[in-house]
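The following blocks contain the structures, represented as structure tokens.
You will see two complexes here that share chain A, one where it goes with chain B and one where it goes with chain C.
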Partner chain A sequence: MNPPAETSNSIRIQTRELSGQAEVDYISQLERIIRSARLNLHYPASRALRSHIGVLHPKVHRGLYPGVQVNIGSGLPTYREWTRAQTDVQIAQEQLQKLGARSELARQARASDAAIYQKLLTKFDYYCEIAERELAPLGDMTVALRKIDAQTRTAYFHIVLDKLEASGLFVRYCIDLAQTDSAWNRQVVRLDAENAAHTEQLKSLVYKCTALGSESTFIKLAALGGVRVERVVRGSVGPIIWGAADAPEELRPLMQAGGSGAFIAQFGLDMLAADIAEDRQNDPLGARELQADARLSPKVRAALLSTRQKYGVHVFGDRKFVVPRGMTLAMRDFCAARGTQNLIYSI
Partner chain B sequence: MSENHGLVDNLVTQFASPLDCFRELAQNAMDAGSPVVEVWTEFIPGDDYIGTIALHVDDWGEGMDEQIIDTYLTQLFSSSKEDDLTKIGKFGIGFVSVFALNPRAVLVQTGRGGEYWEVLFHEDRTFNKTRLQMPVEGSQITIFVAGDIQRYAELALGIQERLKFWCAHSETEITFEDRTPISGELLDPLPINEPFGIEGHCVTRVEYQGTEIVCAYQRRPSYGFYNAGLTLAFTRAGEDVLGERAARLQHVGFKIKSRYLEHTLSRDTIMRDENYEKAMRLLEDAVNRNLFGELLAELKALVAQENWGLAEVQNYGDLLRFLAAEPYELLKSVENIPLIRTLGGRALSLAEIYEFWSENGRVLMDAEPGELSGALQNAGTPVVYGVHGAMIRHPIGAVNALLERFVRLRYQDTLGARLKRFTKFLGTSRSTQHFLISPEDVYLPVSLDSQAPADTLALIAEAARILSKVDAGYRRLVSCHIVQDDGDAQLFVVAKKLSSYMARPPARTDSKGRLEAAVNRDHPHFIHLLRIHQTDPKLAAYCLAKSLLLTEDRLLHLDLSMMAAAQA
Partner chain C sequence: MNASAQDILASEVPYLGQGISRSELESVIISERTRQRRDLETLEKLRERNAKIQENLTGEVLKLREINAHLSRERSRGELSRSMRRFLAKLPWVGGQILTHRSIEEILRNQYELSARRAKEAAEFVDRLEAAKAGLWDEIDRLNQKIVESAQNEELAAKRLGELDRLKSVLEVERTGLDPASAQARQLQALIDQTHRQLAEHTTKLKLYSTAEDRLERLQQNTRQLAKTIGHLQADIVVYVTAANEKLDLIAGQIQAIGVAADASVVMFELQNSLKAMTESVNHATRFVSETQVYFRENVDSMLEEMELYDDETEQILTGNLALNEGYDQLDIAGAMSVALADRIERAASEAGVGNSDRREREVVLDFQSPEEADAPVNRAQAKKGDFR
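Now for the complex of A and B:
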């Protein structure tokens, strides 16, 4: 990727503006990376993400926008860019109706030197191309009924929450829980015949918890009466490191050795479930042991250990990578040195 | 598993084709959460013409750890997916279906939760399990079969066809790639998926939670059942999959993708259980409300269109054909909506047609506008656009079927008809057949007498007085000359209003409207009555009045009243 065109500091996140060929290369590379990552249903939907990113491509917007703003921390476009694409897709049909027939716009553009007519024609082509495009949800929760056990009056649900976090990463939470029907319990999932819908209480709780991670989500949900949490999985897209200067300390040597085209795309997976045999950490960048996790206070650490024992759950952490072909071996060695075996795809 | 050899043999031979195992493997991959399933084949040459055919199915779903391998993969019938509406695989026999191909070996490489394993199944179905050091994403299955390049080509083609049949509407992206094409030309992976759609009239898509339906009116309907997009059944044999609903859906094709649908153990049809009934109720709702609503919307828009070409006529005929086959309750619910085109370009409702039949015992219909139909419509008598008799196979032949059926059922629905059926001695029900008549068969061009001879006037006036006295329902009675004598001399003609075209009196028993009548003064019977009038005017007048009622076959019980009126 080319060196940044300019760097700016906002209050919360650091961003970079890319334009011209740098913009083209960035968006194209991002699409390829996400395709190559082989994201399954534990991650945000790959096809929707690629489609959404595609709206940002210069060959799609045809120069209507000056460039793309990148969140340096996540390596993904900023929230502003995601919502810009989302808005444009949502208004595309309406705009096409207002613009009228393409043939008339083309005639006007040919007949006049005024730039406005060419711009209208460009807008028409842009909206045509993006109308009905699939978009990655920036914040969406769905509930599906898995099964009902009439004997125990228990219903089992599968909840999926997709969101663009404040950190700039796209994450998906998959939560399997069971809810027992009881007069004493407040329902977190409404079941109408076999159509499930989450309550507002559950939605706001899940949104709050997921900001803290999968383990905290598990603890908070498990504390609700009448609810048994079977599994919480968090899959994340990003961060993607595009330059050695942006890399965390442990990855900087790798990036420097990778040269000008180096990047490291990361796709993390955190899983907390009763059917995991034992605690296992396969994430070379995650904490090795709960006890050794310096980010946690002793009180929190103890609470987490206690919860795990109480519910008989174990955690599994993993991370897979997409890197340029020339960095594959180095990445593998990095993981091996940290005692992990990770999937590394190269493009 | 070797102890269950016989059981496995019985199980796998139940499938229609050994290649149906690829459906099972695709199903497992989808249930494991893989958004993509890559199916690819390659031929590895051997020393002679027989080589090794390698058939691959790769996914990047959740994969399997040792516990899953030991509990489910290597044990018959075990399944963790029982009763889970978000999973389509049941019974736990998905994987075992690969043995239908008589493979030399089957290799499974899989990873989950940081564990990576390889399981090699031998020809005798024993297996070895080995832990892998290199990570594996999801599950990668390779089936090794012995064969030559021809056999390889057959298998590659067969797999592609079976995948297309079973997985065309899969919600998971499925691709197929032949990496050793017999032509030598390497092609890009072929997408197996197709849009979930259907051909036909009034194509309608309806979604409920966990169920998606697309339906349309079709002349030769097909019925598709899917779960998560995998085909459970696809057939034109309605009885097989619809049971008692087959008659209702004989002109409606559909595809239904639902979490409620499952296949039987042998995969050859859908399981008809409580969940099937739930899915079918959703289908019925979609057909009776959404699809029917679309049909109405299209018809309304079409009949409102001013100018019609051949395409509009064809479309009209097709839509009416489907409407004619809909249940009576639905027809009744829309009886007041104008859907039937007249020659004048207006639209009538079924209720209006019924009303007209009820009053007149007939409904006029013609295929082309003319002077007569134009005059009739100007006088307020509608002429339905349609065809008769031998032209029933014409695009708009369906008009007859629809109107005859609706009138018949609507009449049967009336209290009077029900009573008549119940108490047969009160008389037979009205005939609801053959009431669609060409105007030329009913109407005659007449020339009304502006100044009839005195004796004619006297006779007619006296007959009119008798008819009025018994309240026979005629506003006026005049004389006329029938312009076009077709040989079947008509004594009377009637109409709502006297005009240059008047109708042969219909035979009706439920007269509600008041008509105006004209007597043909050239008719032999009228001439005879004129002679009688000279000697017995009261008798002649009575006979003339009676003749009119006899012609219309009504009020025949008023004889005594008419005689009294004549003598008054």
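Now for the complex of A and C:
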């Protein structure tokens, strides 16, 4: 990817505007990285994510937008850009109806020197191309009923929350919980015939917890009466480091050695469940990613540990990487030096 | 003279364009009115949409007030939790945990996405207005060409009528001294009849070109007014879209900042900032919508009323022209020529920079071609164009 054109501050979020060839290279590379990462069900849906990113490609928007704004911290487009693509897809059908027939727009563009007709024609083609596009949800939660145990009056649910986090990362939370019907507790999931619907209370709680990581989410949910949390999995897309200057200290030498085309795309996974035999950290970057957990005080960390022990759950942390072919060995050495064995895909 | 008369009668008038008839004129006017109606309908739809947006905005303002109230509660709760935290150190998840309210960040994001969509739709509408405006100015250019063409044809018709009128007078004088049964008198009578026929033909043309010029000019005025209205509206929406997008950019950054801020006081500060920006954005939109409604009331309604009046008037004029097309008499020629002459007087006076009230000045600048016309200006100048249409 070409070096960034300009860096600006948006409140506290560091952003970079890319345009022209830098924009083309960035979006194309991002699509390749997501495809190469081979994301499983614990991560945000890869196809939807790539489709969403595709809307931002200059080849698709045909120069209707001046460029793309990138969140330097996550290496992904900013919230503004994801929303832009989402809005355009949502209004595409309606706009196509309002624009009328393409042949008429083409005729007007040919007949008149006014640039607006050409712009409308370009918009028509843009909306046509994106109208049916799949989008990665920026904040969407679904609840599915797994099973019901009539004897213990317990229902088992699988909750999936896809969200673009404030940190700029795309995350998927998968939560398995069991709810026991009791007069003493308010239900967090309503069961109606075969459908399960989450309550505002649950949605609000999960939404707030997601910024804290799977461990904190587990403990917060466990504190709810009548609910037993069996598993919390958090899969994240990003951060993607595009330049040595933006890299955290431990990855900077790798990025510097990688040269101008260097990048390190990270796909973290942390899991907390009662059926994990022992705590295991296979993440070479540990808790050093953009999480609130990493910033918690030692005192709070100690409180977390004691709660975890109380519920008898263990954590498993993992991270896979996508890097340029030339950086694969160096990346592997980096992981080995930290005692982890990680999946490293190269492109 | 007869040979010369035959030459005059045989000569073609080099009218510009594809000729004119009542149906052609009607067709031009109808197609232009259709275009104007379509554009007005677009504005009407915008008015309806505006009313709907206004309704939604009222709901959004209420929602923002709710968030504000919620935020106030959170703040007071935050003060409480800070003091309680000392006592509840071993239960870090008790303090500040609110399970009965949706996440403010989520609400802000929903509101942001809704506002982004509205701003985007407004931007799309700006482009369509731009295209409508460009189309209207193209149409004004086309109408200008037609108006100039009609004016030139009107002058050609008037010139031809003058020529034929003089010829008829000469032929009638020549015939007076002859035996009505003589071959020469018969030949002269035949020429006089041919002159009459051409006079009728060119009188009709003169009236139609004159009508076309006037009607097209009126049409053009409406089109120009419509183009200007759309232009103003577009400029207003551009201001709104630009302001809304600036605010939305700010809010997008703040929403992300809220999520990454570790300190509760920073979160509160950013929330308040975000809320303030969002409220400003909504207030701005409300103001814009309200002002646009006033604009609609002042412009679209009056344009619609004027359009109805114009259509009635045009119908009457064209019906009158149809009656004229069916027959010819001397009065019509005189009338038609008077109108043409009145036009020339107005133009000459205008070129000389003379005010409308100074009739004597107009007489001075006229250049008459025949003695019969010498005493005509005052009477003809007094003739109103509309009297003969």
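We take it that the second predicted complex is superposed on the first by the 336 of 347 C-alpha atoms of A that agree within 3 Å, B and C clash if a C-alpha of one lies under 4 Å from a C-alpha of the other, contacts with A are read in each partner's own complex, and residues count from 1 in each chain.
We adopt the following convention: a residue touches a chain if its C-beta (ideal position, glycine included) is under 8 Å from a C-beta of that chain, and two chains touch if they have at least 3 such contacts.
Since the model is a prediction, treat every value here as computed from it, not as a measurement.
J.: So if we stack both complexes on chain A, do chain B and chain C clash, or do they fit?
T.: The answer is fit.
J.: Report for A:Arg80: first if it touches chain B alone, second if chain C alone, otherwise both or neither.
T.: second
J.: In the superposed arrangement, which partner chain does A:Gln256 touch: chain B (first), chain C (second), both, or neither?
T.: neither
J.: Determine, under the contact definition given at the top, whether A:Gly168 touches first (chain B), second (chain C), both, or neither.
T.: Second partner only, chain C.
J.: So in the superposed three-chain picture, is A:Gln93 touching just chain B, just chain C, both, or none of them (first/second/both/neither)?
T.: neither
J.: With the C-alpha centre of chain A at the apex, what angle separates the C-alpha centres of chain B and chain C, reported to the nearest 10°?
T.: Here the answer is 70 degrees.
J.: Could you let me know whether more residues of chain A are touched by chain B or by chain C?
T.: After superposing on chain A, more of chain A is contacted by C.
J.: Could you tell me if A:Gln14 is touching chain B, chain C, both of them or neither one (first, second, both, neither)?
T.: neither
J.: What is the contact status of A:Ala277 with respect to chain B (first) and chain C (second): first, second, both, or neither?
T.: first
J.: Once you lay one complex on the other using chain A, what is the shortest C-alpha distance from chain B to chain C, in Å?
T.: Minimum over all C-alpha pairs: 24 Å.
J.: Applying the document's contact rule, which stretches of chain A touch chain B when the two form their complex?
T.: 38-42, 45-47, 144-147, 156, 158, 194-196, 271, 275-277, 280, 282, 316, 318, 320, 341-343
J.: Going by the contact rule set out above, which residues of chain A touch chain C in the complex?
T.: 10-13, 15, 71, 73, 78-80, 83-84, 86-88, 90-91, 95, 98-99, 108, 112, 114, 116-117, 119-120, 123, 138-139, 165-168, 200-201, 203-205, 207-208, 211, 219-220, 223-224, 290, 292, 295, 299-300, 303
J.: Chain A touches which residues of chain C in the complex?
T.: So the residues of chain C touching chain A come out as 89-90, 92-93, 97-103, 105-106, 109, 112-113, 116-117, 120-121, 124, 127-128, 130-131, 134-135, 138, 248-250, 252-262, 270.
J.: Could you list, by residue number, the parts of chain B that touch chain A in their complex?
T.: 32-36, 60-62, 65-67, 83-86, 113-114, 116, 133-135, 137-138, 173, 208-210, 278
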